[in-house]
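One chain, subunit A, links the two complexes that follow: it is found with subunit B in the first and with subunit C in the second.
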Partner chain A sequence: MNEILLNNEVIVYLLSETVLYLLLFVAFLVTVGLVKKWNFDAFTTEQFTLENRSYLVMTIIFFGIVLKIILLPYFVYTIDALSDLVPGAMCGAGVIKANAYGNPLLALKIVILFLSGLWLSINSIDLKAKRYPYLKLKSWFFLFIFVLLSAEFLLDILYFTHIETTNPVSCCSVIFGQTGGANSLPFGLDIPKLLMLFYLLFALIVLSLFSNLSLVSVASSILFVVVGYYAVVYFFGTYIYELPTHKCPFCMLQDHYHYVGYAVWGLLLLGTFFAIDYAVMNVFFHTVSQTLKRIAIVLLSMFVFLCSGYVAVYYFKNGVWL
Partner chain B sequence: MKKIVMNILTVAVVIAILVILLLSFGNDQGAKYVYKGNSAHKIIKIKPKEYQCSECNMNIEATAYEAQIITQGGDTYFFDDIGCVVLWLQNHKPVIAKIVTKTLDTHHWIDVKKAWYTRIAHDPMGYGFAAYEKKSKGLISYDEMKLLMLQGKNLHDPFVKKKLLGH
Partner chain C sequence: MRNNAFLHFLTLLLFKQKSKHIGAVLISVIIIFLLSAVLFLSSSLQYSLLSALQKQGDFVVTRIQAGKPANTPVAWVDQILGINGVTHVAPRIYGRYFFAPRENAFLVVGIDFFDEQNNQALQRLLKDVDLKRFFSKDSMLVGEGVRKFLEAHYFKNDFTFKTPKGTFKKVNIYQTLPKQANLIDNDMIIMPIELAREIFGLGEGEVTDITFNVPNDAEWDNIITKLHLLFYDVRVIEKREVKKAYENLYNYKGGLFLILYLVTIVTFMLILYQRYSMVYSTERKEIGILRAVGWSIKDILKLKFYENLVIVIISFIIGVVLAYLYVFVLNAPLLSHIFLGGSNLANHVTFVPVVKFGILGSIFLFYAVPFLAAVLIPAWKVAVTPPKEAML
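What follows is the complex of A and B.
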């Protein structure tokens, strides 16, 4: 058997994913029935049964989705732990690129994280209403998420069963390091423009949230995820590592850097998610949640201060920029 | 009043973001990978850093190790290392007119299949493979080099490195 599949973290991860998938599969089957037969205005036994069942199934989906969200950092932790087994890998960067399934899997997990979060918000406002106004919508939405979850589960299996422990992989300095002059940054940006964009987008998200410009919030948040990722990998990360040539999104997840990567990526993803969530709830469901707005602003501010803090501390300690 | 100030600020930030993006797009010359229109199938002389390797994306600086794939349609792909040629051909199947590499001993361009390859060169990618025109002891054929490259048995493998270089 593949050595990877005997790793403790992988066993725990795959077992959890399988149990959750089976649970959500049952929820999927029940939801299909709900979507077909649901009629809130009907005064029938079948409708009452469906209403009872819907509460149960939505609780199962809620439970499954929350655990799936928690499993994302654990997946990253598992990948990082595997770097001890895969030759050549110094961190998760090499392991995730050990085969063609790694990067699509990680990207899909992040997309599912955002969609699942939106489902949780819709579920919350639906349960607060008396007539389940969004039951059909959130059921269809769950069916769509379940399709993605099935693809993710398949990719999980394919990924972990196809990691070779005999073939050396590239380490992060090869993957993210100097590309011999070819620009690694998107949109033809250089580092100064990337940083300007980083701070301007942060300002734009905050301003648009305060001004209730929902579409601007969504667009700037999506762009901020991309720009934030590149800014961390190609600029702020070098201050976390205190090495100008070390460019990697994964090494900062290790104990050597006090696991700060979990805070950096967690704050970025959660901050932008709450900003998008607030805007979507505002536009489509006319629900203005001041709490969501405050959480988004606080998380994104913490992200920006954390990243900038590393640069400032380095400069005050050493008197030079990297 | 507060709302007006907020809206003005928002518009100003949006404009600043658009200006930065437009400036970046305008300055982006992009990576150069392919020379088109080489219908005569001639070898294209390039300057260091003028083109990027089609496989590893690195600038082609050490032209002594350069290789080119010229297709029937006149597209010329550049590579900084013969190892990159082998890897690229795994995933791309163009109709090829010729594949040439520069040799370390004579500095000529020759067909990759006519060249002989060392396993211990200081090539840009560190695989250890580099072409020679004249056969000598320890040099291997293209097919053997290709097989070793695809099996990962090059200097990236610590066991192979220790066997060939002793460290």
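What follows is the complex of A and C.
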């Protein structure tokens, strides 16, 4: 018997994913029909039904995406809860590494959320126009997202059914710690250079958003996610844990650190998403939304202040750097 | 302002059409109540067990002969004391005393009352024991369940044990163990180690196991290795293993319940789908009017979505609050027996209120996702009715 599948959180998570996938599958079938027969200029009953059906697709996708946004932190919470059952794991890092499906699944989830967020933006400008100008585009876009969703659903099942509770997994200090002095940062960076890059990229995003250099801000946002990830794991995290050797993206999600990890990763992902969303809307659809820009800047600034705040508070309390 | 008008309209609509939603709310409340009562119970029990476990000694060592537990020589205590980093080494006699007439068993624990205890709860308990009076005759401390059981069988002040030699041993009941720890020591009897040795018929210099602490938990694995180097016939039980076993047990109980509960949820979805298809078909005219005065399909979908969201949230809050009162105020009559089990002595436990955010989130997802998914398609069907057709 598999103890993992009997875990409360896993059951709830898999049920929610299954229900969502079934609904999205209905949306997929309807969308295939839409793409095939859509002709806005036709005055047939069929076109009329299709227009009504497009609302069903829209509602289902909207519902699905909102839930996926809630389910991502819940997934991370589940992984964290499983660390009690999997031998050797102290936090989610070990559990996600328990088999080869874990890391691709998490990455795929984040990619899907970014893409479906973009879908929502396209949808809203499509509805504002009178002739549904982007219907074909958004339908094809959804079909593409649906392929990813199917892969995600498959990975979900493969991942949870293949976690062994008998073989010990590695703890986060083994996965992220510097063993034998090897530098685990990419591009041969070291910590000071990484931090310089971190703050410079942040400044670049803010400046490019203000000056409407959209392509620059998309590129810098994507880079910022990567650099932000490394900066939090290898530098800011050590101040959150107040331990220079503790490098882990998952431990900060536990109650011991007041669940601050949810805020850190949430702000980083949401902030960069809104920045990219704003820029993409600006380049491809020529719609400029000041609120999106402001939200992006506020969220990213909050992220940077939160991270730097931990460092500042630590220095203030102890008078030394780690 | 427009948004406010929308919300105002929504509330008016909900109050006006109370009877339409009351059925769905009732079923939801029952489903959430049952689900959260079970989850609250299991998490509270798990919490109490783990916090009791936290206070216990870190390691238990027994001798093993051909895979079968054997009596452990007391001489091992000195050898274990020789390992660096080990504290509070204490020999212990531990076993079940079977009371044949009723087929019940007591858990008898024999400890050295003059030693410092490695179990913090025990240490605190023994502080209040007046040792002079305790040792003036053979005495023991008994758990709440044991006391009640003995009283019902006319052992008011003492109990007579039968020893393996065929003699009888009368032991005085000194005091009852505190009620808070009922989950663990309900059927427990604590007595001096010499007395327990006599009752279980162990030889001089023999105990059942030896417990000790290792304060630095980074050293735990080293200590285990050292123990195996010291004795070839040893079995080491560490606190971590016991903790994992408890977690697995509650994970298993809760999980099995949830799996069976899936059936209920699926049925619930079907009922909701049917019911809302029916309810909404009676609303066609209303929707038609709204469409005719200029509402778009999107607005109507929004209205329906909010309507259901309000129902979901209201039923969630009512269900969870009711479950909280049932479990932590009324102490979960009926349901508690499923979790505590009553094959041995009857147990009465007061549940410590433990409500974690994660549990509430799980309950909400488990119920809200199927609910909203089930009404989505009926809501769309009614939203796209053309105004002209609906008003005919």
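Operating definition for what follows: the second predicted complex is superposed on the first by the 322 of 322 C-alpha atoms of A that agree within 3 Å, B and C clash if a C-alpha of one lies under 4 Å from a C-alpha of the other, contacts with A are read in each partner's own complex, and residues count from 1 in each chain.
The working rule: a contact is a pair of C-beta atoms (placed from the backbone, for glycine too) under 8 Å apart; a residue touches a chain by one contact, two chains touch by 3 or more.
If you're wondering where the values come from, they're calculated on a predicted model, not measured in any experiment.
Contacts of A:Leu213 after superposition on the shared chain: subunit B is touched, whereas subunit C is not. Of the two partner chains placed by superposition, A:Ala107 touches none, neither subunit B nor subunit C.
When both complexes are overlaid on chain A, the residue A:Ile70 reaches subunit C alone and has no touch with subunit B. By the document's definition of touching, of the two partners only subunit C reaches A:Leu85; subunit B does not.
By the touch criterion defined above, A:Ile191 lies against neither subunit B nor subunit C after alignment on the C-alpha atoms of chain A. Contact with subunit C, but none with subunit B, is seen for A:Glu9 once the two complexes are overlaid on the shared chain.
Counting the residues of subunit A touched by each of subunit B and subunit C gives the higher count for C. Touch criterion not met for A:Val147: it reaches neither subunit B nor subunit C. Legend: residue contacts after superposition of the two complexes on their common chain; A:Asn167 is shown touching subunit B, with no touch to subunit C. Put simply, subunit A uses residues 87 to touch subunit B in one complex and subunit C in the other.
The touching residues of subunit B, counted against subunit A in their complex, run 3, 6-7, 9-10, 13-14, 16-17, 20-21, 23-28, 30-31, 49, 52-53, 57-59, 61, 80, 152, 156-158. Residues 39, 244, 247-248, 251-252, 254-256, 258-259, 262, 265, 297-298, 301, 305, 358-359, 361-362, 365-366, 369-370, 372-373, 376-377, 379-380, 383-384 of subunit C are the ones that touch subunit A when the two sit in their complex.
The touching residues of subunit A, when paired with subunit C in their complex, are 3, 5-9, 11-13, 15-16, 19-20, 22-23, 26, 52, 55-56, 58-60, 63, 67, 70-71, 74, 77, 81, 84-85, 87, 127.
Against subunit B, the residues of subunit A that register as touching in their complex are 87-88, 167-168, 179-183, 187-190, 193, 196-197, 200-201, 203-204, 207-208, 210-211, 213, 216.
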